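Below is one structure; the comments refer to it alone.
We call the chains A, B and C, going by the order they appear; numbering starts again at 1 in every chain.
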Amino acid sequence: MADLTPEQTGARASLAEARWAEFKSFAKRFGRNRLGMIGFSITVLLVVAAALAPWLATHDPYLPSLTARLTPPGAEYWLGSDELGRDIYSRILHGARLTLFIVLLVIVTSAPIGLLVGITAGYFGGWTDRIFMRITDVFLAIPKLLLALAFVAVLGPGIVNAALAITLTAWPPYARLARAETLMIRNSDYVAAIRLAGASPLRIMVRHVAPLCLSSVIVRMTFDMAGIILIAAGLGFIGLGAQPPLPEWGAMIATGRKFIFDQWWVAAMPGLAIFIVCLGFNLLGDALRDLLDPHLRQRP
Amino acid sequence: MIEIENLNVWFGEGPDRVDAVKNVSISVGEGESFGLVGESGSGKSTILRAAMGLAPTWSGRISIGGIDARSGDRRQFLKTVQMVFQDPYASLHPRYVIGEAIAEPMRINKIPDSEARTDRLLEAIGLTPAHRFRYPHELSGGQRQRVAVARALSLDPKVLLLDEPTSALDVSIQAEILNLLNRLKKELGLTFMIVSHDLAVVSYMCERLAVMAHGEIVEVMDRETLRSGEAKEQYTRDLIAASV
Amino acid sequence: MTGKLVEIDDLRVAFRQEDGSYAEAVRGVGFTLGREKLGIVGESGSGKSLTGRSLMGILPKTARVSARTLRFDGNDVLSAPAETMRKLRGSRIGMILQDPKYSLNPVMRVGRQIVESIRAGDPKIGKTDAEKIAIDMLEAVQIRDPERVFRAYPHEVSGGMGQRVMIAMMLVREPDLLIADEPTSALDVTVQARVLDILDELVTRRNMGLIFISHDLGLVSRFCDRVIVMYAGQVVEEIAAKDLENATHPYTQGLLNCMPRINGSLEPLPVLDRDPAWLAETGGAK
């Protein structure tokens, strides 16, 4: 109803300004979602913790202190110490770096692969679609952890290999998502219009279809981050992810397992860290979905 | 300017085949406005989509501005004829500011001075260069349809195919868009083919029209015949009676 | 009791804006309705649909509604308990929306939806009786093959047919008031004429009240008894339908003039000049 003319809102002189205005309006709407803000704060906290780990940590995360083995949480060791007397708080902080590294590595590899496969399949349809989607199905058919396990078993344990293994299992859902979106977008009038301008399929896919798939992919990505952390922790837990003495959260829980009844904090503290970060990503994802999901969003 | 001969358009194959347009021939002269009228499912929009290469399967011959739609040079064809879609809410890319939407066809076809031309086009359709950095959702329906017209004109075509250009708009906005189209037609020497379900709009805009039903042309007549109520076919007369 | 079916006075509907303030989309609308056909016309965003929805009590939760009077047959819609409103909606007020596709349950056969609607209104009616009533009603809205439509799914019937099914579904409850929001806008003109005939016949015969919301002035003036013209959330003019051509408000005149006509002039169409003074609150023009 309200018809915004530039006279009312001030003329814009550049594309950057237009984008900034869009972003501000988005941020304002996001700010009104309280749970989303909590999720966002947790995510920011994780990033800050990872970035400033050396300065925030109270101890060296790798230095054993045999006199302080398995100290309960207190003034010296805020979250207690582990079986080698290392400060759990400092280890969790440094572990945040590993967690973030794995998550980012998986995201930057799996989302583009998924987008590429999904958009290509969806846009061209026919045989391209059938072949691409059957390959995707094959990957989807194997249980995630099992596939990751097999891959790590071949490549050898380690953080990068764990991340690659997770990537292998993480891209197919993006491909499905991008394909579904593309199928809708490719039949829209604005894609028809740009085809009538003589645009090549590549240009249409990259410049016109991909930006619209991106919002659902970002939403999916945020939800996936929690899952990635869990799989990474799972691999760490069974000894195929990060190797000792790296303070990876899953591996920390694994060592704490031995003391779970008497020195509960050794396993519980990294467990709590995983829980909070996953919760944060999920809350963030929920809020983003409410704002970005084209199926929930109404016409302005 | 527009030659359509024995056009058949169908969807699906074998037993699922649906014939949307059956054996339609239309000839439109330069500078003329030709209307296609009919109820939903009569195949009137499908003719436009087939002409633009947006319908999958068709047979017959379509030639616009002397360029064959099938065998002619695609680039030249698209520089000769462009299309305006029905729903201005669906025909503009939501993530592109309108200046980009209008300039994109010029960039693709390497037309120089796309920025200056965009400003001129915005002025021609009654917006200002200040609208260049607006997103579609910041504009009203009428403003969006103006942008869609500007985009269609960006390649400087000789022919515009208009698919229900005002049916999604309020009547007061419709009047503005129809006036704009007539003015542009005169200034740029355009040829129009207008699809509409609204006989009043076609009677106002078009010198000649074809009434369609079930994929076939029922009757071709000129505006005077429509206005004097001398339509030959009963179907046309029913349609006129229901529209008054 | 004044015997009026609907009494509305100073109805206001507001929505929360980005910055937290409220913007009024309906600003002090007032009218009464007896057993007659009342048209509400206006452009998109004029608040005509919101007015109809307020009466049904089905506005989105984000809307803020207030009114000095908002009564249906003596029941205060704003203060009525949810249960009472549900009963009213179920049996005494019916609503037909523009697109039947969104109003019918896509995975339930048409017949079953009508039967459920009958039995929701009166649980004492047996299943076979309800089925008979449903088929009779489908026949009453001139569906040629009611038995087939009864067994069909909503996607298997055409737009005009679907709209007739919706009308049938509303009418089996024999409501006192029918609110039709652009009931024929998605239909072809010939189908539109048929649907309107059916509506007219049923409304007259059953002595119902009808609120007919539409953007189409010509249609409303032909079909209704009385017309309310809305602009920017206010009633700018209320006039007998047959006098619409002689409307006095410049907005109504402007709307009438800017429509092309089959036999109209070929000069540029007069464009509606929106006078900012129309926006000023008048407190309900008569």
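Everything below uses one rule, namely that a contact is a pair of C-beta atoms (placed from the backbone, for glycine too) under 8 Å apart; a residue touches a chain by one contact, two chains touch by 3 or more.
Source: prediction; values computed, not measured.
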### Query
What graph shape do the protein chains here make by touch: line, ring, star, complete or other?
complete
### Task
By the contact definition above, name the pair with the higher C-beta contact count: B-C or A-C.
B-C
### Message
Centroid of chain A to centroid of chain B, CA atoms only: how many Å?
### Response
46
### Task
Take the average of all CA coordinates in chain B, do the same for chain C, and state the distance between these two points in whole angstrom.
33
### Message
On a C-alpha centroid basis, what's the spacing between chain A and chain C, in Å?
### Response
48
### Query
Which chain C residues touch at least two other chains?
44
### Task
Using the touch definition up top, name the residues of chain C that touch chain B in the complex.
43-44, 159, 188-193, 215, 217, 254-255, 258-264, 266, 268-272
#### Entry: For the chain A and chain B complex, residues of the former touching the latter
3-4, 6, 11-15, 17-18, 22, 188-190, 192-199, 203, 208, 211-212, 299-300
### Query
For the complex, which residues does chain B have touching chain A?
52-54, 74-75, 78, 82-83, 85-87, 89-95, 97, 99-100, 104-105, 108-109, 128, 130-135, 137-140, 143, 148, 151-152, 154-155
### Contact footprint of chain A on chain C as seen in their complex
18, 23, 25, 44-45
### Message
Give the list of chain A residues in touch with chain C in this complex.
### Response
1-2, 25, 28-29
